[in-house]
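Chain nomenclature is as follows: A, B, C, D, E and F, assigned in order of appearance, with residue numbering initiated at 1 for each chain independently.
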Amino acid sequence: MKSGYLKQAWLVLALALCFGAALAVVQVAWGPKIEQNKENDARSQIPRLVVGAGADLTPAGRNVEIRDERGLRAYRVYRAMCAGEGGRSVQIGWVVKAKGPGYADNIELLVGLDLKAETITGLAVLAQNETPGLGNAIKAPAWRRQFAGKAAGGRLEAVKGTPHADCEIEAVSGATISSQSVCDIVNRAVADFRAKLPELRDEE
Amino acid sequence: MAWTIIILAAGSMLLLAVLMACVLGWANKTFCVEVDPRIERVNEALPGANCGGCGYIGCNEYAEAVVAGNAPADLCTVGGTSCAAALAEILGLEMEESWPRRPVVHCGARTADRLQRNEYRGEPTCAAANIISGVQGCVYGCLGLGDCRQACDFDAIHIIDGLAVVDYEKCVGCGACARVCPRNIISMVPFKAEQMLAVICSNKDFAKDVKAVCRVGCTGCGLCAKMSELFTVSDNLPAIDYDRYDAAAFVQDIAKAVEKCPMKRLFYVGKPTDKDLAATADEELPDAIQADFRTTVDKTEWHG
Amino acid sequence: MTTMSDKTSYVRGSGSFRGGVHPPGFKAQAAERPIEVAPQPQQVNIPLLQHTGAACEPAVQPKQQVRSGDVIGDAEAFISAPVHTPIAGTVGRLSVATLPNGRHVRTVPVRADGEQLTGQSLWDDIFGGDWPTDGLEKHDPTKIVQATHDAGLVGLGGAAFPTHVKLTFNEKKPIDTLLVNGCECEPYLTADYRLMLEAPAPIIVGAILAAAAVRAKRIIIAVEDNKPAAVEKMRDVAGGAGVEVAVVKTKYPAGSERQTIFTVLGRKVPVPGLPLDVGVVVLNVGTAAAVARAVLRGRPLTHRVVTVTGPGIREPKNLLVPIGISYGELIEYCGGLTLDAARVVAGGPMMGFALGSFDTPVTKGTSGVVAMTHRDIRRAGETNCIRCGRCVDACPVNLVPTKIALATRNADWDLAERYYITACNECGCCAYVCPAGIPLVQLIRAGKAQMPKE
Amino acid sequence: MVETTKDTNEAKKPAAAIHVAPAPHLSSGSTSRRMMIDVLIALVPVAAVSLWIFQWYALKQIIVCVAGCVVAEAVFTAMRRRPIALGDCSAVVTGLILAFSMPGTAPWWVGAIGSAVAIGLGKVVFGGIGQNIFNPAMVGRAFVMVAFTKFLGAGGYVDIHAAADAITQATPMTAAFKAGEGFDLLKLLTGQTNGSLGETSAIACLLGGLYLCIRRTASWQIPAGAILGLLAAAGIDNLAHPAASWTALHHLFGGAFMLGAFFICTDPVTSPLTSKGKFIFGLIFGLLVMLIRLFTNYPEGVMFSVLLVNAITPLLNRWTVRKPLGWVAEARK
Amino acid sequence: MAKDGPTPLERFIHGIIPENPVYRQLLGMCPTLAVTGNMAAAMTMSAAVLFVMVGANVITSLIRGLLKPHLRILIFTLTIATFVTIADKFLAAYVYQMSKELGPYVPLIIVNCIIICRCEVCASKQSLRAAVADAVGQSIGFALALASIATVRELLGSGSWFGIELFWRKGTPGEACRWAIMNQPPGAFLTLGLLLGAAVWIALAWNKRTKVNI
Amino acid sequence: MELIGQLILIAVGAAMINNFVLHYFVGICPFIGVSRRVDMAFGMGCAVTFVVTVAAFLSWIFTFFLLQPGAPLAQWVVGLFLPAETAAKVDLSVLSYIVYIFVIASSVQFVEMYVRKFFPVLYKSFGVYLPLITTNCAILFACLYIMKNVVGVGPAEQWDLARSLVLAIFAGVGFTIAILIMAGIREELDACDVPEPLRGAGITLIVAGILALAFLGFTGMDRGLAGLFN
């Protein structure tokens, strides 16, 4: 009985077999390259994220997880490594991957910090879905550059027009909400990270 | 490593396919619902115009009715005889010979021929005007507001000087106009020849009452019936027996009747002969196409 | 049964109904004009179908001599009524006429000839004289029904439904109330009003006879509150006879029987269905008077009261006219049309039919002739429906007229039926209020006519 | 004989031709055009306050939008080869409402594009007056709002250097939601605040709105439902945050709610037919406005709420059809 | 069906305008709306569709003799899914940024009705040559349609074409004049709706003039 | 509470803000094709909701256990033959598209046959739509959406079955809402004088555009509402 069905469907079976195999071949052939692309994409941000060129990202031994009354927050943390003297690579800073609500959808950021997590060294936007032409201007390098050099201890604030105080960031015009969202994500991630920094240090 | 993945991938796919094939095959057997395969075939043989000319909601409905034996196989006018033959073959039926039916408007009064007309202010359709009295004296004749023109999908009937006129070149005989005419003055006549004789009046009143409302109306004098047995007069109006109609056999009777008819209400209708065409060769055809202001007939079909 | 003078104590319904419109009454023109007897016509054309139901067959031959009240057409079918000649004279050759309601019917012409009843004597014969109120209940119901049938009685309220059918006793659907409809909610018309003022006795007597025929225990006369004089008069006369008077709010169409029954008794007549289904029979006041005449005097329905009025008429009048007289003669008698008259309507302006020809004969159902000027019939130029919903608010039977009308235009009968096209009573409220000037009722009526019948 | 009857017939006819027509032969005398003119009259107080507060900013915007809508109507209907019916004044109403829903600061071409979209995409593609599904003015405003957020977002309302005082401050709604500030109710009523041209004065809107309801040009059920819906939702919010300075009354009189409830939702074309439907329509509108004000990124939700309730209007129509008086369902079978 | 079908060349031409998949057949509306925000994405999508369509039509045409009626749709989808995966991986491997931008709309080609429709209507009944011609014609028609929509949307929405800024440049005051709506869902629907109307209008006018049914 | 907040976020997001039709442009074909009558649209909406739920359920199972990198099932099979390290790296995600489409097609066909046999009334009202939507983007898109949240995300954020099902059901609800509204509007438009070239698909798309415009009003509402629960 069963073989009857199978006989009818022999073409399907054959094709399934062939296609499965073919796709696996594709995966074998291009998989590594795709992985590489993804990696490169993330890495291409690093030089701008951390002081010093030629840095490389290595995932830290553990991620930072914070659980408080607002729920569980998890950040992926990377060490920024740089070729130092004698070919030994030395750590020059940290990179934290953080995610939070933006105007329309979640925004995913990479925040670069110096070794002691005292200064923000840079910011990259990995994923966002803000309004094209408005909120999505947070991707612009010129806008992100404002974050470099800000003190990691302070609370960043997006303001309209020229910023006056040190902790102020000039909001993208017409997109204060998106800008403030970025600030909020950075503020929280940096605070959470700094709280866990000793533990991470201890790992070394 | 590479081979592992390939084998695993191919293996999983195969397994999946086998699983699905078995389940579906089994389900196909177990959950099978009987459908008469002929419905499908009839459906394919029908033109799929869904025009409703057959009297059913759409081709599919008709197909079901035909297969169920509730409808004759020759109702589809768009598909014509070839379609009917195809259906008959599918159903194993014998086909009788059938003549194509074409509409005849049984009214011949142009605007100037109609008496006792009043200005009418209301919905400009025949159906609406038909329930108002006094639009025109004759309560039988064409109202000339063109419901039939609206109903015709083939642009084959037009209102010319207040009277509906069929364009037999374009008409496919779907009968939509006949169904829609509120005065029922369009009948579907079996066209045994290119041109058929017809009585072009519908007024059943007494001669004096007819004359009061129409310059050309049939008075029911009965002369035609005296000339030929093809005609029978009842209710002051002659009718032609189309079952027995044969232009060749009755040619003389008909000629006499046509000649004697005092109101000249007997006409040949149908496709124009070569002679007619030659006579009107240099006349411009009226441009009868008009914008349709009201209906959104949505013809999109789903393709997904 | 006791008489009550307090309005609320016997009005069970709300005294009004949902929907409806308030067109100006325009009744002043003819309301104070007593009923005159119209002069004798030279000829009448008696249509063989003047009612709802089957047509009559001619019962006379051309050149035959007939006396006033003789049968002209015989009714074979149950739902039908014979017709009689109002004048004495000679029968002419059969002809046809198109009635204002669109019916194309055969007519029998009768040329006046010989001795006629006219003027006061005609009035006395029909409404005058004594109308005894005693012992009416003792009349045999079947005799009453037979008398109304033989008299060719049909409803004079407009629908012209044969009265004997309504009065026939039905075991399964017992009747408890007889409602006499004196609302006359149509603007302009005053025929019923005048009749209530001038001939209250036959109305009451007819109502009691009709109630006896259907074995109804209650008799209620419904009158709109814009006719206080009629209310007073009816109360005076009804008081002694055990007939109640209900005063209903003035609103069109308070006189439509479904609405009247709801207003007075709070009962909803089922759709589809008849007042019979809720135990009520409704008679127009004129019909009631004709019942009295038919039963007590054995006289057929040959005359009726017609209001000839409107701004397009020089001298508005209420006339007692012989059935079969032409509209033209009535208008002539009332001084003719003014120069700006633009439309002549048979019946009231809300539901009446525009006249195409003045030769058309008056029938049993004709309640008035209203001549209107260009100014009166002005209405909004037609635009698209702006979906304002006024028609919905106005419809007394809760329909959505705009949807039905549009469905009719698009020949979408399923849709029309989904919006209950068949429930429309064609009152015209919707078209009256429509700011877009859409002929809603005409579309609905055409739709009903066009709808494929199952 | 035939001849004589004909003669008498002619003789009795008056000079003007008698014609036949369907009943009823009377009409209430109200016309679509008269309704539109009513709206224009009702908008006079709103326009007056607007001109007083925003001066020539208002004048400019009104001229641009009204002219834009009228021209668009003429051009688009001509393109469709339909009779151009500017006489019904509906294009003027659309233009005015559009102008009143825009900030005075928006450049003239924003108004022009808004008008073209309002009439083109909001009205003519559906077949012209009476057939549109969505409120044309709101379609126009939504389009330009999403297209040119800079000019119509909160930022767009403020121009520090503007000649009119009101324009130099943030709009009350923005102030409330960004900074949590309360606001003087009296100012919301009289309209001495920044905002869209027609929205600032609740009193002016109420005045015109009541006129419309009394004239029965607008159905009272819609504003009644809307106010009820808004107060219910805002009331719950008040109870949840008793300390908040922005109360239910602020919600009622602030922003464009009054203008929306009385002038925009009441557009007969895009609101339901039945009274029940109208009330539900208003109710949903009020609730949606509060939903958007409280839970989304927008300080105001009138425009979106109007479009959303417009969208469900056909369904409301369908679901609020009553049974005819005395209808017996079983009898049909 | 008994008549001689169109030649491969005719099939090729038909696909481009007279039977344009988007404007005339209303097929594959989803990607049409989703990826026409700019020209680059639209063209990448078109290329992917071309590849998948040709691949699937070829395979279907080759195995057309072996098809069983009730299993044929399943086989089409399997074939298409395979080619789509290949295209998707290719994009991810070689044009990573674009692959990121197109996101899930590349895999959605699997269920794009155009391809199934062509497999069903044409490839499963025709020779290889006809199938390929048909696939290429339809793909070009699809590409043209996408290009028309993307052009309108990119020009109005960003003042650029293929990413080249032509007017309303970034950083200038003119930037505020960009129609941001064009980059968002409503803009996509409205543009396609209006262009579709324009296409039908042209077709109607054309039909009227030539009195030929396309 | 936190989970409810997250589920609300997903639900409101899928049904209103990121409505599948009006925001992601998927399922346009049935949206245009079957939105001419309200009852048909409702049947279609129910069918889509049902199918998308079934598909989400199956695709989550397959993705989680078989397709994601290091999926338990794949790992176990390979572990039978090869050392554990290699097994841990097994990644069959390349098969995901083909598996999804295969699984969806088969399961829908199965359900269709089942319903047709045992619930003919149900079948008449909405079963007829089932085969039409097997190959509909909305369904596949839901699977891909779920895959995006299962494959290649950290364990803390990886979606479980509950979240996947909520997404699917509410995506279906969102589709139903959109198509119902559209059908209501199109019934109304039947009586309107829409320009000839725009009749049918053209006006439907324009209405969809205006609807999408209106739905933009919900932007951010998911977080606003979820905020009530945190």
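Everything that follows uses one rule, which is that a residue touches a chain if its C-beta (ideal position, glycine included) is under 8 Å from a C-beta of that chain, and two chains touch if they have at least 3 such contacts.
Note that the coordinates shown come from a computational prediction; the quantities given were computed from them, not determined experimentally.
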item	value
Innermost chain by mean C-alpha position	D
Greatest separation from chain F - chain, by CA centre	C
Euclidean distance of C-alpha centroids - chain E vs chain F, Å	23
Intercentroid distance (Cα basis), chain D paired with chain B, Å	48
Interchain centroid distance [CA atoms averaged], chain C/chain F, Å	64
Gap in Å, rounded to a whole number, between the CA centres of chain D and chain C	46
In chain C, residues with contacts to at least two other chains	353-357, 384, 409-410, 439, 442, 445
Numbers and ranges of chain B residues touching at least 2 other chains	5, 8-9, 12-13, 16-17, 24, 28, 118, 122-123, 128, 131-135, 208, 294-295, 300, 303-304
Per-residue overlap in chain E, given as positions that touch at least 2 other chains	26-27, 74, 78, 81-82, 85, 89, 113, 180-181, 184, 186-187, 190
Chain C-touching residues of chain B, taken from the complex the two chains share	116, 118, 122-123, 125, 127-128, 130-135, 137, 139, 180, 182, 205-206, 208-209, 294-295
Residues of chain A touching chain F in the complex	16, 19-20, 23-24, 26-27, 31, 63, 65, 70-72, 74, 76, 101, 103-105
Complex interface listing, chain F residues touching chain C	190-191, 193
For the chain B and chain F complex, residues of the former touching the latter	1, 4-5, 8-9, 12-13, 16-17, 20, 23-24, 27-28, 30-33, 293-304
Touch list for chain C against partner chain D, complex	17-18, 21, 23, 187, 258, 262, 268-273, 312, 328, 331-332, 336-345, 349-359, 370, 372, 374, 376-381, 383-390, 392-393, 396-400, 402-403, 419-420, 423, 428, 431-437, 439, 441-442, 445
